[in-house]
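Here come two complexes built around subunit A, the first alongside subunit B, the second alongside subunit C.
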Partner chain A sequence: MKLRELTVLLWLLLNLPCLSFEVLLNDESIRSWDGSLLQYCYDLPQGKAIPLLEILPPVVERDGCFLETERGRLSDVPMDSLLVWEEGDWFLHLEGEGVKILSVAVYGEPIDNDYLQVWLDWEGITALKESIQRFSSINGLRIETREVPKASSKLVSVVRARGEVPDVIMVQSSDISRLVYEEAIQSLDYIPVQGLSGLSSFNYEGRSWAIPFYFDCQLVFYNRGLVGEIDPGWTLEDLENLSKDPGSGGAGWNIYSAYWFIPFQLGFGKRDLIEDGRVTVLDGPTQEALGYLVERVDDGTFRALERDPMVTLFASGKVGIILSGSYMIEQFERIGMDFGLAPYPEPLRPVLDYKGLAITRKTRNPILARRLIEFLTSKYVQASFCKASYKIPSRREALDGMELNFAISSSLERGYPLPADPLYELYKDTMWKLIRLAISDRLGVREVLEKGQKIIDENSGGVQ
Partner chain B sequence: MKKLLAIMFTVLIAIASIAGITVTCNDSTFVFDRGDFPSLRVVTRFEGPQPSSDRNGSDYIEYEAIPLISVLEYVGGMREGDLLKIEADDGYSKLFPFGAIYGRTALGNPYIGYREEKPYFIFVPDDGEVSNEDMLASLGEEYSHFYDGLPSSKGLMVKSVSTIRIETSRTVSPLIMETAAFPGPSPDWTVEIKGSGKKEISSIDFEADEADGGHYVEISLERKGETNTYRAIPLWLVVAAAREDEQKRFSQYRELWEGGFDITLTSVDGYSVTFNTLDVPIEAIFIADEENGEKIAPAIVGEISGKLWVKGLASIELDTERYSYEDPRLSVSLVLKAGGLEREFTIADLEAKSYYVENYGQYITSSGGKHGGLYGGVELVKLVGELVELKPTSTIRTVASDGYETTYSAGEIESADGIWIVAFKLDGDYLPEDPGYFRTIKVGPNMPAIESRRSAKMVEIIEVIDLE
Partner chain C sequence: MFTINFIKFLKEFTVVFLMTDGGPPLVSGFTKRSIIGATTTLDIFIYDIFTGRSSTGIASAYSVLTLLLVAFVMILWFLSSRVELNAHLLIILVVAAQTTLGGYTGLVFGGLYLLAVWKRGLFKYILIGDILVSLLLSLFNGFLRGFNAATIISLMVFLILRREREGAAVVKSGDRALKLLTGIVLAGVLIASVLPLLVLVWISLSGLSTTYIDSFLPRYFTLDNFVRVVGEEGIISTLLNTLFVSLVTGLAVPLLTFQLALALRKIKNSLSDIAIVILNTVGVIGGMHTLVPLYSIFRTMGMIDSYFPVVLVYISHAIPFSVFTIRTYLESVPESLEDQAKIDGVGPVAFGFRILLPLSRPVLTTSFIVAFLGAWNGFLAPLLFLLSDSKYTMGVKLYTYVGSLGSGNPQWNLFGAAATINLLVMGVIFYTFRGYLGKTPLSENYE
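Right after this comes the complex of A and B.
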């Protein structure tokens, strides 16, 4: 045997155990996975593992998927079945049993374009980029992620200027009506959404315009050093009493903001912000809620604080209780604060603020865009992203697998998802200025609400 | 009593001022508060009714003014064909076409000007005077103001503005709201065609074509291992027939297709895909209405990528003019040199950067003339950061197309009273060729003023020089 043949044989012997299984697309080998797949795995109770879905090559439509195992060929394997690394080999875990995988074969038309551009916004971008990078690396794709503040406004500008649009964009419920109006995004009625919450946040005119990805919820943050522990079953009266206690530092939040006013409206008996296609602010619950806040600010029980001073005062221990979003948890943890979380006191209903993924109408690659969204909203990707970025996943299975703070889990039960209806924007823009007039006693509560109702009524015709 | 009335009056004025102006466009509303916008001091005057060449101008009046265009952006801005209605609290109103607000006519730029705490809608032309001649030339008779049959530009000024309303015929496309049955057979279907003369094609058109022995073809296509037979018409013929210029359509359409333009196909279920005709051979793509002898909802079929097989076709959008619409200034470029590296950025590249900003800036000439507005551009420090980190000892040199050089120390660039940008937009439009596509300027909400010699124009090269 010549030296060259010996070298090849030695190389094969060394590598054979590592060439654990092959991935075939239409009977052609497109890649082999060995230990190199470990970098994409999750640490799960079963060990280092990855769901089958994540290693399947994206195709236009999957016509078939088969797994060759040491016990024969398997079809109809659930996509969330785990591939687990055990002693140098990959095993498919099915019904509590592991079976060694030899190859994974997928049949379907390959996607003819491997490029996507994705526009990202809001917190958690680093973790989200990592998730997208995983999808890109596993499948050998070119996915460009761009951090674009106010991405929806930018998309509208690009659409109007007839520029090249991205394929996927992150959106929030209040973006939807404008993006639909500008014909910037496409309806995603064709994408299955079983198991996802927050669908109403992206449903507009009876169609679905984005797939819910994660959400933030409104919470009570308190300084343990000043307040001690808060009983999660507390009430609004308890909040008042705690805030009146001079040692607690008092409670303060952005009382001027419509966003933080909604829980009070709902808590004082309002059923929904938009009732029978109309926004009503001149009603009993709204008047009672606003009257309550005006009185409590006037008598010094609560402090009206804009966001920045609120955060500064809370972080410096000068305010003991604030109302803020779950997105602030990371910031307070980073500065080493000893703080606790409580759900909103009864009967208030916290707002759930969903972020979703939309596909642009003029994308050149809608299939790959859809596959990326399916990947990002799958159970393990969502759980991993949300854990890293203090978000709450829209997929219930991912949520079930997370150890959520009780304040968050109980908030979800009575939370109110923001609607995608443009009437909400009209409500928010109108009330934004008017609440301030009431809180600062420049106008009476009834006067403010009458004025607000007039503005809303005059303008809601155009909106609808 | 008088004192009480005076107090009440003052309170009412204060409330009106606090409550702000409502700005609306049919899907959004914004309550405008002057405190949220940077303002400028402007001077303007209007002309009264004028039977002859005698002038009847009012006095020049100074206002603290906010550019109206920046306010309108909060409700999405105006588009060609829209009208802007300015309403006063006493019911007086004036209507202005798009061109008068965005078009830089002889009327100048529109502003909300404040005088004695009252908001006025005003125009501020370059010469500071809104003459009747300017009005007629800019607005025509339809939107000009007349008093006793005589032109009077004074009527364009609206006092105590309460509402600014964009009146638009824009509506959400009915296509998107459609919830037609899909994908079952649909004997009476229509497909909307956008970007062409004819607005739709229907099953009736297809039947008529068949009766004429027209363009139907029978094709067999294999997909997912199955071969199906379709009766279909080539997409390009359908689209060409929808164009208004029928004489030219067929002979020139192939040329147009081969020149490359975008087509967007949308299904009734919302699925939408765009392709360029350069990527799809003209003979390869069809609209079918029959599969294996059975009528089907219109569908795109062919020897094409699976992503283009659109079932339940609802609309075809042609963007034949897109490439000619693209502003050529978007491809103008700027060269950045630093640390031995060199990179070229087009305006399109720069506008897509996350550090693209829009804010107010101005420069003052040696004769005291002020020039400025809402500049758009990229932060200089972050642009340089694409190649190197700006050190305290660094100097930035700009080189203009005529060779003129301007240098800035790092300290000057990082000053606290504003942000230095490389601007390529002013008041929403790209800077013109004369005096140059790029200009350095300092911007901020308080409209920082710099000497004109520090605002380098016609910039072509930006170079970072590190002094050790």
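Right after this comes the complex of A and C.
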């Protein structure tokens, strides 16, 4: 072997240990990370990087975390500090400086059960499975993810039949009251939620029952070719004027739906859907809002369109402005449509529809379940997942790393998170029928709300 | 067949619920607790109450009333299928239906129908009055408040008594009016069958997730949906799962029910019909309400997340129809054949399996196909009993694309692609076995 080759080989042998760092748990080495950690890294401005939190082994309670670096031992390192791959080695970026990492030591009681079962529902399941797989692979865990349609209903059936429940389940706010009543999920007051939005969506009877994960918000979509650009600070009157313009294609949406009516109720002065434990539809704001919409539909300013015709007519350029959810962005982008996004016009308040992660009451692994949720709601995981699935992260910090449209960030500021109160379902199920009767002019606004209020009051007592 | 289909569609829930969610509300639909819509069937109404309440009392009460209605219809069928009609019993059935289901109007007409027990000629006039009152009350108070459900029973009894009196109508084979009517009905059925298929194919070829069709071809035409469902969504393995479940169900049902039908064939008196009535009535009770206790049982046996409970549920659903069909077929076998077999020294068991079983191939195939298709289209049982998404069948998989009505972001285009593939497979299977349907070795031109 030539001298040069020998020298390289010797150098490699001497330096190889330095190309990796060890992860120790209670002074015992459990893992070594070298370039293989790159597959889990994010593409950040600093380069290929991963936050410290994501490589720490999950423990029951972390008693201490120390990093051995070239400059000595570091403690109290912020968990969102980045480990960056530079020049074939790992560097901890702290206060703008990078220092080479030699080892990471964690102290705490290890979790003895490495298995979790997670039920997923709604959209973005593929991206979510990938995120969970990351957590599983990095920590050598066995996490089984299952796509379960109507997951909350199935959980109720399984709980009633005393079957095997998952550890973590994805829920929406309207599921909470039923799951609490069936004793299917546990309160999560003990999980820190600083920096997360949408907490009220999973707050029921004064306790938190799920951690917000992502949300969809209501937005205005407009055809740039027909409407031009919309001033983000526009008003309801501007919407009317645009809609009346013959060249704009008009504005249309599912006016019949209670879900799309809420912004108008709130915009006309209603403070909250459920006040003092009661749903009131026979109030001034609701009457004004419904009356307003009836008049606008009658005079042709707005068009009442069900979801599918609305989407088709918008995509084909026959309707210029629609109200829809942020989940439609991907679809319109996929077909290559030239559309713009605008926040809801003042004074309307868009609805924010949150999905969260709950831990079941009968979980076999509550600690690991909590760690998984903390992982999934961390900044970079949230940003990565939401970018891939066109969702909006509940962690506000994650928004910084995303090129968020002003319409969405504005919606977050003044949006109305759907409540977890079961009265909301009662409101929704009753309201759409009342709206339809009023919009079709089969009953007057006052009359329909009077009858609807009686039904709501009658049923409120029996709602669980 | 009318009775069985009536009961089957009386308790139809899934299609009506998923497609219409109770339908647009009716002005006359305001009740104390809800607003009834144009397509709010009894099962949807019960479901609305059941899901919204912590107490199940009201839902149970409506369920009992539904059961009563079904029981009346089944008893009606049983009585009307006798060789000699017992008109008095039929009229008493009407009286019972009126007094239990008819409300205040029913109490009045129940008393009047009682007179018809002694003077049968009055029945027709009382029925006319019953129908007129129903119509008037519907007109003034709204259909839901005014209509008397027991009037249906009265009308059915009238038609049965009339048929017995006047005999079956003889229709000339060359009747042009009948041919025209047949043609119109067939055309309507054809259009109603083909149109949804065309819509399905259209949405499967659209890049946009929508069911609103405003052009001959989708504006954003693409085959990507098929590529996605096959490549990314694993639809082929889902089809294989469904095929397995359906095949096992399809094979098991005729095997299990043939023997029961054989035994019922031997029973010459009304016990055979009573057995059919019981099977069908029990079938009505089944459904969502029994799935939770079944889950508990299978969980104890360690069979959750396996196909066994799914197949068992489908078999139990298919049994009533299969027993009825096979028994009816076996009754058409001439007695002389059995006599001949006896002369040749063939015992009853051997006759059943060596002679009747081969002769029953067409009806067994029909039973297989019906059970197979029922299992293929099933949704609730695999949703509840299967936990691994790798084991899901087509019903559940299709549901994952669209969810329930009102879901904000259904993927109609992927649903269309998956459903089109599903229908193609079902079509091939049905085409393969079509030759056995409706044919019998006992007919002259059987090949």
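We adopt the following convention: the second predicted complex is superposed on the first by the 446 of 464 C-alpha atoms of A that agree within 3 Å, B and C clash if a C-alpha of one lies under 4 Å from a C-alpha of the other, contacts with A are read in each partner's own complex, and residues count from 1 in each chain.
The criterion applied here is as follows: a contact is a pair of C-beta atoms (placed from the backbone, for glycine too) under 8 Å apart; a residue touches a chain by one contact, two chains touch by 3 or more.
These numbers were taken from a predicted model, which means no experiment stands behind them.
After alignment on the shared subunit A, the placement of subunit B and subunit C results in a clash. Residue contacts after overlaying the shared chain place A:D112 against subunit B, while subunit C stays out of touching range. Once the two complexes are laid over each other on the shared chain, residue contacts for A:P309 go to subunit C alone; subunit B is not touched. When the two structures are aligned on the shared chain, A:R364 is found in touch with subunit B, with no touch to subunit C.
After overlaying the two complexes on the shared chain, residue contacts for A:S187 are found with subunit B alone; subunit C is out of touch. By the document's definition of touching, of the two partners only subunit B reaches A:D63; subunit C does not. In the superposition on chain A, contact of A:P149 is made with both subunit B and subunit C. Look at A:E205: by the touch rule set out above, it reaches subunit B but stays clear of subunit C. In the superposition on chain A, A:S177 makes contact with subunit B only, not with subunit C.
Of the two partner chains, subunit C is the only one that A:D353 touches; subunit B does not reach it.
Two complexes overlaid on chain A leave one subunit C stretch from 81-89, 99-107, 117-125 or 171-179 clashing with subunit B, and it is 99-107.
Comparing the two interfaces of subunit A, the one with subunit B and the one with subunit C have residues 146-149, 160-163, 181, 425-426, 429-430, 433, 437, 442-443, 451, 455, 458-459, 462-463 in common.
Taken in their complex, subunit B has these residues touching subunit A: 14-15, 18-20, 22, 24-31, 33, 76, 79, 170, 172-173, 176-177, 179, 223-225, 262, 264, 266-267, 269-276, 305-307, 319, 322, 325-327, 348, 352, 354. Taken together, the subunit C residues at the contact with subunit A in this complex read 24-25, 27, 30, 32-35, 37, 48, 52-55, 207-215, 219-220, 232, 291-293, 295-296, 299, 304, 383-384, 387-389, 396, 399-400, 403-404, 406, 408-409, 412.
Across the complex, subunit B is touched by residues 60-61, 63, 109, 111-112, 146-149, 156, 160-163, 177-178, 180-183, 186-190, 205-207, 359, 361-367, 422, 425-426, 429-430, 432-433, 437, 442-443, 451, 455, 458-459, 462-463 of subunit A. Only residues 123, 126, 146-150, 154, 157-158, 160-164, 181, 216, 257, 259, 306, 308-309, 311-313, 315-316, 325, 327-328, 331, 334-335, 353, 425-426, 429-430, 433-434, 436-437, 442-443, 451-452, 454-455, 458-459, 462-464 of subunit A touch subunit C when the two sit together in their complex.
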